[in-house]
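The chains carry the letters A, B, C, D and E, assigned in the order they are written, with residues numbered from 1 in each.
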Amino acid sequence: MPEQLIFAMEVTLNGLMAGVLYALVALGFVLIFKASGIFNFAQGVMALFAAMTLVGIMDGQVPFSHLINAIFGTDLHHFGWHIPALLAIVLTTGVMVGLAWCVQQFVMRHLVNQPPIILFMATIGLAYFLEGLSDLMWGSEIKNLDVGLPQGINLWIDEVTFNIFGYGFFIDNLDIVATIIAALLVVSLMAFSQYTKEGRAMRAVADDHQAALSVGISLNFIWVLVWSLAGFVALVAGIMWGTKSGVQFSLSLIALKALPVLMLGGFTSIPGAIVGGLIIGVGEQLFEFAIGAPYFGGATQNWFAYVLALIFLVFRPQGLFGEKIIERV
Amino acid sequence: MFYREAGDFKTSYIDDGQTFPIRFDRYRFYAVLAVAFLVVPFIVGDYTANAILLPFLIYAIAAIGLNILTGYCGQVSLGTGGFMAVGAYACYKLMTAFPEVSIFIHVILSGGVTAAVGVLFGLPSLRIKGFYLAVATLAAQFFLVWLFNRVPWFYNYSASGQISAPEREVFGVAVTGPHTEAWATYLFCLVFCLGTGLVARNLTRGTLGRSWMAIRDMDIAAEIIGVNPLRAKLTAFAVSSFFVGIAGALFFAVYLGAVEVGEVFGIQKSFLVLFMIIIGGLGSIFGSFAGAAFLVLLPVILKLVGVNLLGFPTDIVAHFQLIIVGSLIILFLVLEPHGIARLWNVTREKLRLWPFPH
Amino acid sequence: MLDASTPPQTQAETLLEVSNIEVIYDHVILVLKGVSLKVPKGGITALLGGNGAGKTTTLKSISNLLRSERGEVTKGRITYMGEPIHDSDPSVLVRRGVIQVMEGRHCFEHLTVEENLLTGAYTLGVSKAEIQQNLELVYSYFPRLKERRKSQAGYTSGGEQQMLAIGRALMSKPEMILLDEPSMGLAPQLVEQIFRIVKSVNENEGVTFLLAEQNTNVALRYAHYGYILESGRVVMDGLAADLRENPDVKEFYLGMSDEGRKSFRDVRSYRRRKRWLS
Amino acid sequence: MLDDSEGYVTTDGRKIGGVVMEMKNITLRFGGVVAIKDISFDIREGEIRAIIGPNGAGKSSMLNVISGFYVPQEGEVWFRGAKRPPMKPYEVARQGIARTFQNIALFEGMTVLDNVMTGRLTQMSQNIFTQALWKGKAEKEEVENREMAEKIIDFLEIQRIRKTPVSRLPYGLKKRVELARALVAEPKLLLLDEPMAGMNVEEKEDMSRFILDVNDEFGTTIALIEHDMGVVMDLSDRVVVMDYGKKIGDGTPDEVRRNQDVIDAYLGVAHD
Amino acid sequence: DLTIPALNYRTGPYAPSGIPYADGFSDYMTLINERDGGVGGERINVLECETAYNTEKGVECYEQTKGEGALVYIPQSTGITYQLIPKASADQIPIWSVAYGRTSAVNGKVFEWVFNLPVTYWDGASVAVKYAMEQEGGSLEGKKIALVYHNSAYGKEPIRTLEALSEKHGFELVLLPVDHPGQEQKAQWLQIRRERPDFVFMWGWGVMNQVAIQEAANIRYPMDKFIGVWWSGSEADVVPVGEGADGYKSLTFHGAGTDFPALQEIKTQVIDAGKGAGDGTKWGEVGYNKGVYTAAVVAEAIRHAQEMAGTASITPVQFRDAMETLEVTDEEFEALGLGGFAPAISLSCESHSSPRLAAVQQWDAEAGTWTLVSDYMEPDFEIVDPLIEEDSMAYADENGIELRCD
């Protein structure tokens, strides 16, 4: 087999894996959009906040220590304990639920029935707020996140492929774990939204706030629910990306990688997020490999994802799996 | 008390269609203009000009531009940073290629170049709507930044990859380059700001503005009653990019003087300008100014208060700044979802009725 | 024709009472200027009146959907079964049996017809089987919905959507339905059909209706009692049968002149003053 | 008398001309749903033509075909003696066909006056540069068109709400504003989709008067969909009846109301 | 008081790099103030201004602080440096970009107010190649070097130098840009895995550094062949990667660790006394030491300026003059408690950079320390200087600057 082809296969596989990581972030967006028609600009920052909180809890950091020290002249930093990863994840999930409740209580409930752009704007405010809060709470230094996920080349795949092709493929263990977790998340979320009464209510709220209110669906409850779910998904994404690149501000920028995925897959579709992620992942890696790096001098990933999404959208304006836009007069 | 329509009769449709139909508003506008042109230049210092007034004026131009596209025509754009970069680089190329031509013309031409690019990236808007359209504009954002970074021709093959504005003069007074006076740069930007404001106002109160708003409010119905969506959307993209391009040119040439594209015209800039119009008020020229003022001034004020008055460490102040700006945005929304402009209008309506509650 | 004489206003207990409410939108627009009405249990009460009279606003202030439109009840009180309800969340009200069918149908476009109906049962904490039973009941009133159960609500016709909206409300096993303009945009046959269904739901299931209508003619034929609202005030009320005989109501709401129905062609731009406005 | 291609005079003395618009064998499908099945009918100059039928019969779809918003899979549209080539909706509007919508489609973010003025867009010709300058040509054009708009506003008696944002108007007034927006385009053919839905008798009377006056004073041809049989029977010259995409009746109001198919499918009871 | 504005970035995407530096700079100045009562009797007033690494905020900081008698600006960002070069030149305030900013500012004949010491990117690229050559036994003929770089003006800085050097030494140069922010670098590292370059150089920034080092570890690239520039070689870049980062190398222009009397004094007199700018955890980190280095040189320049001017309260112009004749010998460093911390400095009117030496340091993941593994090396002046000359003359032409120092 020609070398280029083997490389292309390796790139494709890695692209698929990268796509799953994008999809994890996109999933959080989809959940909230589906349930409330809100384009949650703060999703990336939520992932950052979740990851920071997780690390903070694990390391026994004193929250707001910086502020406390500045005001009271104290010298607090650590509680001096160390909490196992699993327990810390549970605690952080609790914090994310609390955050969801706050979002509902202080933001969403005051904005029932407002047009999408206004809700979008509220999430911008939220993003600013959370960014400031996470820094103030945990400090803006980079933190190391290690919840025990395996990382590095998967030797088994390396060996197997080496025996077949004479060239061992590189697949990152972390990506494999991410793929499994993403698959689990997607299946359970889909089942939830399709087959449970809360799931149905979520979709109803997305269609028409007022009507949902009128049949007795408590928007407050649904919103706490979806924001909690989105918070949990953000935590998962935060763990994956944080393990990869450390926990610090830039983590929130992964949202930018999720946007083209979202648009390509459709804002409202959970499977769309996954399929979109895979297409973008593979597309941008292959493009960089075959065209970008050799002919354009590389670093094409950022815009290529968007251009790819754009091309798809021209043919399917609601995204691959998005709900058909009902246009009637 | 003075704020009344009553007794302020219009005798012609021309009077009725003017920019400030209420006399009090009109006089106030003239007063602001007089102060801006006749008083401020004599008292403005480096700090006020470079840290507050220039960014305010330039962002206001960009915000007006984006507001035309997003607020008036309903097309969400996240490509403002990229389009500003087009304006900046066009201006740089023009300034260095034709040094004898007036910078004034260069800035306007930069707007023209940006308008052309804007139309190109506006084409997908015919099929793609709403948040999905953001993808087209984001593609523009990332692609343009990449392009300006990639192709050395754009930065005249300089070793640093940065572009720096050479010195140019208007009426013998330097407005770009190192030896500028605060008042000169301020006036230069003010003229553009006023010009774009008036043009935007003219366009939005007339035929074109109505076809934009029709498309925004209900595009299908608009098409059925006779609005050509292609034309409406593309003109919106063109006009909007024109303004944004001018803002980009001024941002580079007059305000910063040197620019590295990814850092200055990145996606953050797109979001910043979008936030301005959303906070100021979509579909309102006044809102564009208000939003620009809000997001330029608020951080500065918070910083001055936090660091200089209260003496907090700078990083804590910076974190609080984010928290406060975020909370204020949310608070504004809860109180008045349609931005500062609407808040202002409601206050005005109450004033008009005053002292009666309804 | 049907005649509404049975549960007379006076005997039945009052289920809902609105007394002297004022509603302001956006902090400045005063819409209701002191509306009072009583809805007897088990009856059909009609709220009539022209455009912008405030019918929808009245219903929404009862069901507490006003707040989401930046409206506010600033005066007066609303009691349901003797208890004040103006602070209850809409979902609490639905649990307590008050549900609104909104003007303009408001179906969940992207859900199927059946899913739409199921959302109606959201507040019921009952078993699947009971919900299924409930669903069958609704389908028995609206066989058309059963045929279209799998299609997306966004693509159903106006009549079907109206049925769907009412059916959805029925799914919550309500005590009382606030029905806003059920006849709007429906073919005459369907209007009759829907009103007949309302009537039979009222009779068979004992559901109380408060219905806002423009179509005075039909409304007064099916309702027991009526209120006429104009510019945010109740200008007249009475038994439906009496209202139908009132000369003003006849002229302004039923389009009858002394010589019987007058042709729309003959209407000219004269305008008689309504007597109650004098 | 319907065969008279040159037109005829009605009992109340209005002159009805020849055929202006003819729909020939229109079939329209949405995926599996057949919204319109092989329907043909015509509209004559100066007449008021009603389209009635049960909900979901395809009436609005038919108007959408005329407006060019839906493109039928089969069939032809003839307008003023010529077969209409495929056209965008805005081009149709420029040919002098204006309409209102079933679910009010006003521009909610604009005032009444601006909404009405959008109806004049087909008549506006100034380019972007003159508009940017405003003073001069653009202003002149604006004022000329404003006069027309004001005329219609007066005619429909909505002067008082000129500067009100339409989102604040009650339903009935919105319908009237929509009519104003259509009328201000000075259409040859006016399509009204349920102009009286959600109105009480008094308002229907007002609306009827407007429709008749438009027809009388401007000689506008009108096609309207309406569910109120009283209105349809009183106003229209001829009525098309549709049921589930098929045409089941076509003729004068009297003929239609005696048609047994129509009674079964739509009226429920013989209407008198 | 003498005012030194500190345009720090303790927030934003690059805060992990900005915080240690800011702490180091402040803490050293605090030490000077506390221990010596300032320099020449004048206390040093460090005026912190938060830029979040954002150019506009940088401009605002500049305008805000320049009226307070700022002696020198240390912009802490290449972008801000470029903004400030014309402004500060017009306002006659010196700028010192500490191994970033405009490389050609080395030419004092053109850039009267700008200093770029101790070393420049182009020097760095050259030193990296020299080091690689040493490792390979003196020749790079037929070898392959990959450059992973931040796709921005900063990241592209070394390319020209490396191209010239590849021609001279006959190695192949593979360019691998990474777009901002750089969280996803699969494509680049798969390519490195395929092409197996003998060395990988990195001009990275922010999160890009950690990800690159992580990916290198993932593909098991030999870490001791992976060399970053000084902005890609601090604890923030390697700690998150953990074990995998062991053996990673980077360039540096100052000593690593805490074995210097001055640092120990900072620990006891500043941090332990509760007067530290930060929480003290950054003490001795690479970024912190960079801050200490910068502060020490500034303090020395002030002392020198005071001697020259004969007055304690000096002006920016006097500071500039002092910078242009600044000599910090090894002995003087020793006296400062920083013996062996950095090579001696000697500036002149023509040359606004000195000593233009860089060393290589290596990360020991287990011990969590950086150690210098090479001497301070000179760049290949033959290659670098003409490039500097060319670029600075172009700037002079463009801006009509008359050459000075004659």
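The rule we apply is simple: a residue touches a chain if its C-beta (ideal position, glycine included) is under 8 Å from a C-beta of that chain, and two chains touch if they have at least 3 such contacts.
Everything quoted here is computed from the prediction, not taken from an experiment.
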| item | value |
| --- | --- |
| Chains touching both subunit A and subunit D, listed by label | B, C |
| Shortest path length from subunit D to subunit E (each step joins two touching chains) | 2 |
| Relative to subunit B, chain with the most remote C-alpha centre | C |
| Distance from subunit C to subunit B - Cα centre to Cα centre, in angstrom | 48 |
| CA centroid of subunit C to CA centroid of subunit E, Å | 75 |
| Chain centre separation in whole Å, for subunit E relative to subunit B (CA means) | 37 |
| CA centroid of subunit C to CA centroid of subunit D, Å | 30 |
| Touching two or more other chains - residue numbers and ranges from subunit E | 10-11, 15, 19, 151, 179-180 |
| Of all residues in subunit D, the ones touching two or more other chains | 69, 101-103, 105 |
| Residue numbers of subunit A (touch at least two other chains) | 66, 135, 140, 297, 299, 302, 329 |
| Chain pairs that touch, as defined at the top of this document | A-B, A-C, A-D, A-E, B-C, B-D, B-E, C-D |
| Touch list for subunit B against partner subunit A, complex | 76, 124, 127-132, 134-136, 138-139, 141-143, 146, 150, 220-221, 224, 267, 271, 275, 278-279, 282, 312-313, 315-316, 319-330, 333-334, 337-338 |
| Touch list for subunit C against partner subunit A, complex | 63, 65, 67-69, 89-91, 93-95, 99-102, 106-111, 115-116, 118-123, 152, 154-155, 168-169, 172 |
| Footprint of subunit B on subunit D - complex, ascending | 67-69, 88-90, 92-94, 98-99, 101, 105-110, 114, 117-119, 121-122, 124, 126, 128, 131-134, 138-139, 141-143, 146-147, 150, 181-182, 185 |
| In the complex with subunit B, residue positions of subunit C that touch it | 24, 26-30 |
| Contact footprint of subunit E on subunit B as seen in their complex | 46-47, 50-51, 55, 146, 149, 158-162, 164, 166-167, 177-179, 255-260, 262-264, 266, 300, 303, 307, 313-315, 317-319 |
